[in-house]
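See the structures that follow.
Two complexes follow with subunit A in common, the first pairing it with subunit B and the second with subunit C.
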Partner chain A sequence: MTGAPKREDYDVVVIGAGPAGLAAAATSAEAGLTTLLLDENIGPGGQVFRAIASTPVTERSQLGADYWVGADLVQSLRASSAEVIHRATVWSLDRNLDIAVSIGGASAFVKAKRVILATGALERPFPIPGWTLPGVMTAGAAQTMLKSSALVPDGRTVIAGQGPLLWLLAAQILRLGGRIDRILDTTERSNYFAALPHAFAFLTSPYFTKGLSMMREVKAKVQVVSGVTELSAADDGQLTSVSYVAGGKREIIPADLLLLHQGVVPNVNLAMSADVEHRWDDLQLCWSPVLDASGNSSVAGIAIAGDGAGIGGANAAVVRGRIAARSAVEALAPAAAAKLAPMATLRTDLAKAERGRVFLDTLFRPSPHFRIPAGDTIVCRCEEVTAKDVLDSVAIGATGPNQLKAYRRTGMGPCQGRLCGLTVTELMAQARAKTPQEIGYYRLRAPVKPITLAELAAVPKSEADVKAVVRG
Partner chain B sequence: MFRRSEQDKRPQVQIFVDGVAVAARQGDTVSAALLASSRDVRRSTAVSGAPRLPYCMMGVCFDCLVTIDGVGNRQGCLVPVAEGMQVEIQKGKREIGR
Partner chain C sequence: MTRNVDAIVVGGGIHGCSTALHLCLAGLKPVLIEKDYAGRHASGVNAGGVRQLARHIPEIPLSIRSMGIWEKIKGLLDDDCSFESYGQVLVAENEEELAVCRARVAELNALGFTHEELIDATELRRLVPAVAETCPGGVVSRRDGAANPAQTTTAFRRKAEQLGATVREGVAASNIRYSDGLWHVDVGTETFAAPVLVNAAGAWAGKIAAALGEPVPVETVAPMLMITSRVPHFIDPVVILRGRKLSFKQFKNGTVLIGGGHLATPYQDRNETVLDWRSLATSARTVFELFPVMRSATIVRAWAGIEAKMKDDIPVFGPSSRHKGLYHQFGFSLHGFQLGPGAGAVMAELIVNGGTQTRVSELGIDRFHPSTL
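Right, the complex of A and B next:
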């Protein structure tokens, strides 16, 4: 499962084995297209179905029915003819649909007629004072450990932030017997009013009753503080306490673990490096690719499905995966498309899955002071650049994220802007009184994940390649 | 910080962390095994030497960088443990040649 790809050319290459990628690869293979699914993780599932084929959490109700849906997707994929490679890191994708992938320390190259990017989402940066301290992690990190290794917090644990995942994680930790001392809810009170006009669609979506019962389950066991307007972490080399302000009153509580979460945003690195056009989304406060109704991007042959296409959740991701794959089948083997679910049915499924999303996006829109830090708070974790450093650079002439690299190396560390990019864009936009769209984002390039020079040097070369660089 | 749920019946895998034997479980990532070990597994950053632990556990933050079987700067959250694996907590930059 971790060998090199069997072929050099595929009809469809799908990148990412989360809900969208699993569905897309199975659909494409089912229609008879040669299909390769490349995924960076140890097994299928992406984040939401993390460790679906291997989780040690055997008590099914603890992870919830929504999690186990992933098992059916994996089963469909395995029943199909799709070739699947895990622990495969795609580090380059270009306009010619040439793909470079690192597998077991060696790079392989494949060419696709169609590429479906299903690289999903990552958690929005949560740049509070102390967010780099040992003992501060994302809620998603704790959930990953819970799903894949049945690990639960057992020290003094605080969960802070907002959004559906936060409540799901809290419920799962409690069901597995883990410890949570306090939940600090940072949802802005004004968001409740803003979200009200969108409430009807949400009330009639499946998320409503599930969400409500989960919040009840958690609130029965854990002290929840709402209306938190300030948050910071303190340490002695390791997290020792969390300080917060709610209702104008400051409290400091001792803590060994602080789990942060304020929603998820598309993981844009691979798509942007392939020159896919992205626009700033004013509601979801992130970069989203410009796509047609079938997920096709501005680059011919590259489609994007799942949360990488704009946050829609797991159910929507599955349908978007099927739509993108069907669209590829229609283009490459129109006769085979008859075997698949009709596009009209898929579009109805998608509308259903996306119901209530605007309500969630509005209600859980993170507040500016948790997105745009000030002073000594670290913005770029890799290069350890603070908000003040960024503002000082703006004051002496840095105009956007790419100029800022020359001043401060922001976004030039190993994470390549994944943990600072949104913060830098919004911080600079605010400082320069521009929109995030005007300020723009880092120019991303291959390799989108670090690989060693040795691995690059070992890449097979043609005589022409050698002649191009060797003298005499 | 973390403990294992009793329902976890996966077989044990022995890895070595800075030369000391640590019991992991089959299917753990290196980072999960380190965080479950209750040892001090803080790395230090290449820029200021600040202590860090894994932050995202999903391959994007690079705060889990660790030396595995002599190779530095590996993302511990993406590598599964294997019997006898030698893990070193990385202090600062990756060293040339490893």
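Right, the complex of A and C next:
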């Protein structure tokens, strides 16, 4: 399942082999469309089903039943005729549906009639004082190590933040015998009241009982401090302690590892670099692509499924993947669509999978002081730009993230804004008394992941060059 | 309601911003109208080359005038624009190319221009130690250099506003008309009126000129650039090639900018471009061959800025040949950034004094007779 793509043209190219991508590729191939699934990881699963085909964790209860759903998806995909390439990094996509992909150090170009982006989510930046120190990492990074290598923390460990993934990770660490000294819950108390009107829908969602029992399981074993309103990390070259304020009281606890997490946001880099229109989502506090009911974006032929279309969780991602693929089938091979689940059924499935989402989004809405830092707190890690630097630039005329590049180079480092973009937008919006939508986001550029000059130099010559040589 | 100002400048690129600033310095109160924001297109995203080297002869006087301003840019703008002057070097890759260089320098000398200097292999190696050993020499323009284009254009805009220019960004100039001895331009719900209108609208300027009865042979292009991750310092001057499309510049922070004029496809109405990676690969191959030190560097970003290119590659600069009070300043054809400061100064002289000491007569719009279009 490695090596260059077998063809230059495909009916459908799916990018990302998480829940949405696995479902989309299987659906599209099942309907007889030539389908290519490109995925960056070494095996299928994306983040939520990471290492589903290779994890050393064999005791199923340790990772939870939801995780193993991924195995069925992988099985359907493998039973289909879809061509699957892992360790394949798509570094460019444009509105002509030309795709550049790096596989094993060599780049290839493929063209699609339809592209389904299933690039999933990223963890929201958590810019507190000290978030860049050695010994501070994201919960997602910790979960990656846990799933792929069964590695769990054994030093003094503090988990801080909020959101479903935080509790899931805590439960998984504990089940695998890892150590957690304290959980610092940053959920704002007012969120509980705000979320209340949406609670009924959540009570009927599949996440409810699972979520509740997971929180109970964790709370039975770890001290959980709720209502944390301030958070910072201190070091002597390596993390030494975590300082926090809860209920107006400050406490400092020694720590070797601090895991931060305050939810996930759509990974928009590839879609934005293809000029797909995005809007600021005021509930989820992030950029989401503008999509129709079948996941089709503002760029003809590009659809987006899964969390990249707006955070909806793994169950919704699977259905969104099927809907996007079905829509592609309807367009390219209408007769074959009859083989697939009817759109109406899929939409009912989606509504069910999305039930309770508003409750979660409202309850776990990160508080402004953990999203919008002040003073010397680093905003842009690549260029070491602080919140104060950003505000100083606003004061002398920087009006948005793209203008800010001219002053501070924010977003111009290798991360292409993944770690600072949302913070910069919200910080500038606050400083200029504008909405994030008015402030906008970085214009993102290919390559969305760096490639070496040598690799680019080795790609096949353009037709013009070939002609020039022929003419001598 | 109509607001009267001294001049209306359409276009917030480096040219429009520089002209607005120089009009302010001359005591006028202009309005600067930019449909996006200052430096959104080519002026903010070009290679930043501050280059007198290898210019078309008709624009050399303007380039030399501009160089004098670049060298005092901090005094003018209260911003150093990250301008640095390590020279620009044109590399000849073989004896035939070197012969062309020799002839070019001789031609310039005969015209009285001395900024270009022929160099041999030894001097080339001293200036650009990393260049391939096979290159026999080239041309250097020692006062040349580079600046940060977005920073520079922004600084011009900011200074112009500080000195009294009215700036309108985010709304396009529309309904441009001449009545009762004044130019009128709508900007959203506002209307500005002035005896002077400067068309500095870059890729959008050709349409404005055509609508005012002065069509010119211009096309919209989008030259591509790419930048690498940081690599150890190995080169000071900007390097361009004689025979192949390549320009090359390492910044203080170690990143290397690779350009040279390969074109993306512009979608002007959407402010978008689609890159041509196969052409960028050609640039990558050239760098790979000439600078072995770059082979393991990574490309972190590529982009293209939308701008106007004239059929004869020379800008349209100076008064209209049809209308009183109308001035054109566009079509800089992939090499307008360095000219910006000087062109603004000269344009202000043309507007305020009716003439200038800097020779720009060959750049006028009257060179395009309708029969030549």
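What we mean here is this: the second predicted complex is superposed on the first by the 463 of 472 C-alpha atoms of A that agree within 3 Å, B and C clash if a C-alpha of one lies under 4 Å from a C-alpha of the other, contacts with A are read in each partner's own complex, and residues count from 1 in each chain.
We take it that a contact is a pair of C-beta atoms (placed from the backbone, for glycine too) under 8 Å apart; a residue touches a chain by one contact, two chains touch by 3 or more.
What you see is a predicted model; the values in this text were computed from it and never measured.
By the document's definition of touching, of the two partners only subunit C reaches A:396; subunit B does not. Contacts of A:368 after superposition: neither subunit B nor subunit C is touched.
By the touch criterion defined above, A:94 lies against subunit C but remains apart from subunit B after alignment on the C-alpha atoms of chain A.
Once chain A of one complex is fitted onto chain A of the other, the partner contacts of A:414 extend to both subunit B and subunit C. Of the two partner chains placed by superposition, only subunit C is touched by A:406; subunit B is not. For subunit A, the partner that touches more of its residues is B, with subunit B and subunit C as the two candidates.
After overlaying the two complexes on the shared chain, residue contacts for A:450 are found with subunit B and with subunit C alike.
In the superposed model, A:58 lies in contact with subunit B only, and not with subunit C. In the superposition on chain A, the residues of subunit A touched by subunit B in one structure and by subunit C in the other are 413-414, 450.
Listed in rising order, the residues of subunit A touching subunit B in the complex are 40-42, 47, 51, 54, 56-59, 87, 89, 122-123, 132-138, 140-142, 144-145, 148-155, 176-178, 237-238, 256-257, 267, 381-384, 413-415, 418-419, 450.
Contact residues on subunit A toward subunit C in their complex (touch as defined above): 92, 94-96, 100, 109, 275, 396-397, 399-400, 402-403, 405-407, 409, 412-414, 416, 445-447, 450-454, 456-465. By the touch criterion given at the top, residues 1-5, 7-10, 25, 27-29, 32-33, 35-36, 42, 45, 47-48, 50-63, 65, 73, 77-78, 80 of subunit B touch subunit A in their complex. Listed in rising order, the residues of subunit C touching subunit A in the complex are 37, 39-40, 44, 148, 150-151, 153-154, 157-158, 169, 228-229, 253, 270, 272, 274-282, 284-285, 287-288, 294-303.
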